[in-house]
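To start, the structure itself, in structure tokens.
To keep things simple, chains are lettered A, B and C as they appear, and every chain counts its residues starting from 1.
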Amino acid sequence: MIASLAVALVHIAVVGAGAPLLIGALGTLKARLVGRRGPSPWQPYADFRKLLAKEVVVSTTTSWVFRATPYLLVATSLVTALIVPVATVRPPLAFAGNIILLVYLFMLGTFFLALAGLDAGSAFGGMGSSREVAVAALAEPTVIVAVFALALRADTIDLGRIVERFGSEPHLALNPAHLLAFAAFFIVMLAETGRLPVDNPATHLELTMIHEAMVLEYSGRYLALVEWASAMKLFLFMTLLANLFVPWGLTEPTGPVAVLGGLLALAGKLSVLTLAVAVLETAVAKLRLFRVPELLAGSFALAFLSLMAVFLVR
Amino acid sequence: MILAVLAVPLVGALLTWRAVGRLATALHAATAALTLVGALAVAVTVNRAGPLMAFDGFLRADALSAWMIALIGIVGALAASEAPRYVAHAPGRFYPLFHLFVFTMLLAVSTDDVGLMWVAVEGTTLASVFLVNFERTRASLEASYKYLLLCSVGIAIAFLGTVLVYFAGIQQFGDEVHALRWTTLMRLAPGLSPRVIELAFVFLVVGYGTKAGLAPMHTWLPDAHSEAPAPVSALMSGVLLSVGVYALLRFKPAVDTAAGPGFARGIMLALGVLSVAIAAAFLWTSPNYKRMLAYSSVEHIGLVCLGLGFGGTLGTSGALLHVANHALAKSVGFLLSGRIRAAYGSAEIAAVGGLMRGMPRTGAAFLAAVLALVGLPPFGLFVSEVMIFSAGFAQGFAAVAGVVLFLLVIAFAGLLRGAHAILYGPAVREPAAEPSGWRPALPMAAALALLVLTGLAWPPGLGAALDRIVAIVVP
Amino acid sequence: MTTASNLLAFLGLVVTLLIVWRQSWPARLRLFAAQSLLLAALASTVGVLAQRRGLLLVAAVVVVVKGLVIPRVLARIGSGAPVRPITPGRSSGITLLVVGGLVVAAYVIMLPVTSSVELPTEGAIPLAFAMALIGLALCVTGRDALGHILGFLVFENGIFGLAILATYGLPGIVEAGVFLDVLVIVLIMEAVVVQVRREHDSIDVDRLRELRG
């Protein structure tokens, strides 16, 4: 009982506190790759503190949705942190079918954020919401198909057990289906978390922004919470990528040593992934919006192929 | 002897590569004449003494091959006799490809190895692309592009079918080198896996059917046959389509043995009816008389397919006779249309009128060719069509035969309508002078005479030859 | 041999998917070269593991002809054409979804073949056939001459792969004939496309619409 509570706290602490560091490290890496010195990796924490102290300006034409969404986003992210296997093989909320809960929690956050973008009645917000929903409509099926490909391979639909199965029988993971699912999931991660080449997180141009358009109206602590939630989303997607597809380093929660070992392994995998994303973001240009569906359809085809491969390439 | 027949056009192609002027024409005529003589010699020898072989059975000419070889020789000579008037400006581009084309067709029908047959059929496409595009107009460019693409894809599908046949062969019997030989295939046929053979045959029909001009894979045919110069159209329409049917005919007995006769029959009947139907429709709507003749080819190949589908002695020999008759009639038709086009300057029906008055001998010959194509006696197509339809009624396919007869009437009317407009319509312009004397008329008159012969009184040995072929094809 | 052939065939299928996905023709040519190299690897693997020395020669010829010569000729065909289609037009999204359907269709169609035999390479046969079907789809939906011929070549690659997997290679004459045939087709296609480009100033075959009826 105490142990599982402790594990749950570890999950929340790691995800909550580690997410801004991830975003910061990504920013620094991107800057270094193009020859600038860039901000320090701890910058997002400073931004967070600064935003919390600022005054909140809320448009009078908004409803409760606008004010509730930041809290909802943070809440869904933290609950998702309890489902994703972060440091150990058995996450706190482990039950059969939790991959479906995972997808729906992400979707809940996206849904409310889209509504909030519409809520203020500004042109940018509506535009951002429609783009975001278009992307999500193509990306969500890919998430489900890719994760189900893994689940079928591991014969279970419990995230924890998938990781356990792949960890203990590595030969199951060494097949092309895995690689395809990884590629599909990687592309979807870029799409869902608003990274290049789908969306540019550093821009506020009407032509190019998706996520930024939806949160344009937020200020002060609301903005802090929204930024924190999107950082946590990126952290969670990366953790899924790292731990579902490369599950080594994760063991049973038998004690603080095991948990620490898992955290170290996670840190290693996340740094590799962050480097990969940084290189990718520096190397590619943002896609024109009408080409985003092509990219996502391609990732869906990859996920579909990986699902087929489970049955057909033995 | 097979080697000699194959070598003649190949050597001729090489020799005419660099030749110009009178030398080129002379070489071309010599090659065509020698090919004809060789082909007829092979045909007679095979029918008298049994199959000819070379290279340890790699090249093999049995009765079916002999029929096709003789046909290729005759139609080749016919087309070659008309060729010089079309190639005055660039003989170096035409003659080598012409004889190479003839060579590949001869190779396709005289080999025992179905893999080599595939390579040779592919070779016919490659050799004839630039022949189709000889005139280098926009329309002929489009036609040759479509021809190349569609036939290449079709042949690749046929390759898949060949691979599957080979697979079925070595699956059961493990002897790789000879599993692609037709004679081996016939020997192994009863033991081959039926479902694999069925799948292979579907691919083969789609693939070789593209080459043969069966609907719905025929879309390249009207374009290519109408845009090519007349001798090439004659060769393609008369013989190339028949080579496609020959390829299918080689596989049919194996399929009938391995998978039961109903499977191949169903497919061939379906495609035959579809071809006749589509051709009948388009015959009514073609504004161009060369395209009209091309659609008539699709219709006749559909009839051949029907004959093969009906099966039995009557159906099969009727189909084979029809192949030969159609080749003769269609070549004459295309060669004459080439002359008409040269005289009137256009291939549109509307631009040609009063042919009978303007060019009486050409008009009479054209009328004869059209009547032959429509299937009227005393020309041979009447006899072969009667044989095919009797086979249909005898084998119990009265409904199919009835539908096709009805479609034939529609095609009949369409073709006659076009021909009537050309021959007896109001004259739009004055044609160029008709070539006089008996020499230009001789080849075509000979061909028409041959057609009458097959229609009225079969020369001795024809019936026996057909019987020998039926023995090969109907297991 | 099963895992090796399955893996290579699957990678070939993924590369085919990428060919459908990518829109710029230089990228497609590079992917085609990669696919041919995978095919050569497949031929060598089967050749070594099933002791068919002839297949090693076949693999070498594939590398030279399909990996080097043909992409060069194709690059000449495509030079001058815009790298990416200028108008949004038909995106590859629908085609990608069709690709999924084609993979399933390939498995269904090849059932008679795979169920009739116990070859170690049989698992990969439907994958090679799927590659061929996708090539055919590419050929049908190709927008210009280069798209058509690339689709045809992918189709040919798929059938070739199927031949290697199902029969461990065909007799020498036929193999030679196949290579020669593909090479000559590409060369002839180049000559025809050069003429098309001279006439219409582009290789977009939608402009070839004079012959109708």
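Definition applied: a residue touches a chain if its C-beta (ideal position, glycine included) is under 8 Å from a C-beta of that chain, and two chains touch if they have at least 3 such contacts.
As the structure is a prediction and not an experimental result, all values here were calculated from the model.
Where touching is counted per the definition, chain A and chain C have no chain in common. With centres defined by CA atoms alone, the chain at the far end from chain A is B. A comparison of C-alpha centroids places C closest to the centre of the full protein. Centroids built from CA atoms put chain C at 37 Å from chain A.
Distance between chain B and chain C, defined via averaged C-alpha coordinates, is recorded as 31 Å. Computed from the mean C-alpha positions, the centre of chain A lies at a distance of 65 Å from the centre of chain B.
For chain A, the set of residues touching two or more other chains is empty.
Only residues 109, 112-113, 116-117, 132, 136, 139, 145, 148-149, 152, 155-156, 159, 162-163, 166-167, 170-171, 173-174, 177-178, 180-181, 184-185, 188-189, 191-192, 195-196, 199, 205, 208-211, 213 of chain C touch chain B when the two sit together in their complex.
Listed in rising order, the residues of chain C touching chain A in the complex are 6-7, 10-11, 13-14, 17, 21, 23, 88, 91-94, 96-97, 99-100, 103-104, 107, 123, 126-127.
Taken in their complex, chain B has these residues touching chain C: 113, 115-116, 118-119, 122-123, 126, 129-130, 133, 136, 138-139, 141-146, 148-149, 152-153, 155-156, 159-160, 162-164, 166-167, 170-171, 176-177, 180, 193, 195-196, 198-199, 222-223, 226-227, 282, 285-287, 291.
Residues of chain A touching chain C in their complex: 175-176, 180, 290-291, 293-294, 297-298, 300-302, 304-305, 308-309, 312-314.
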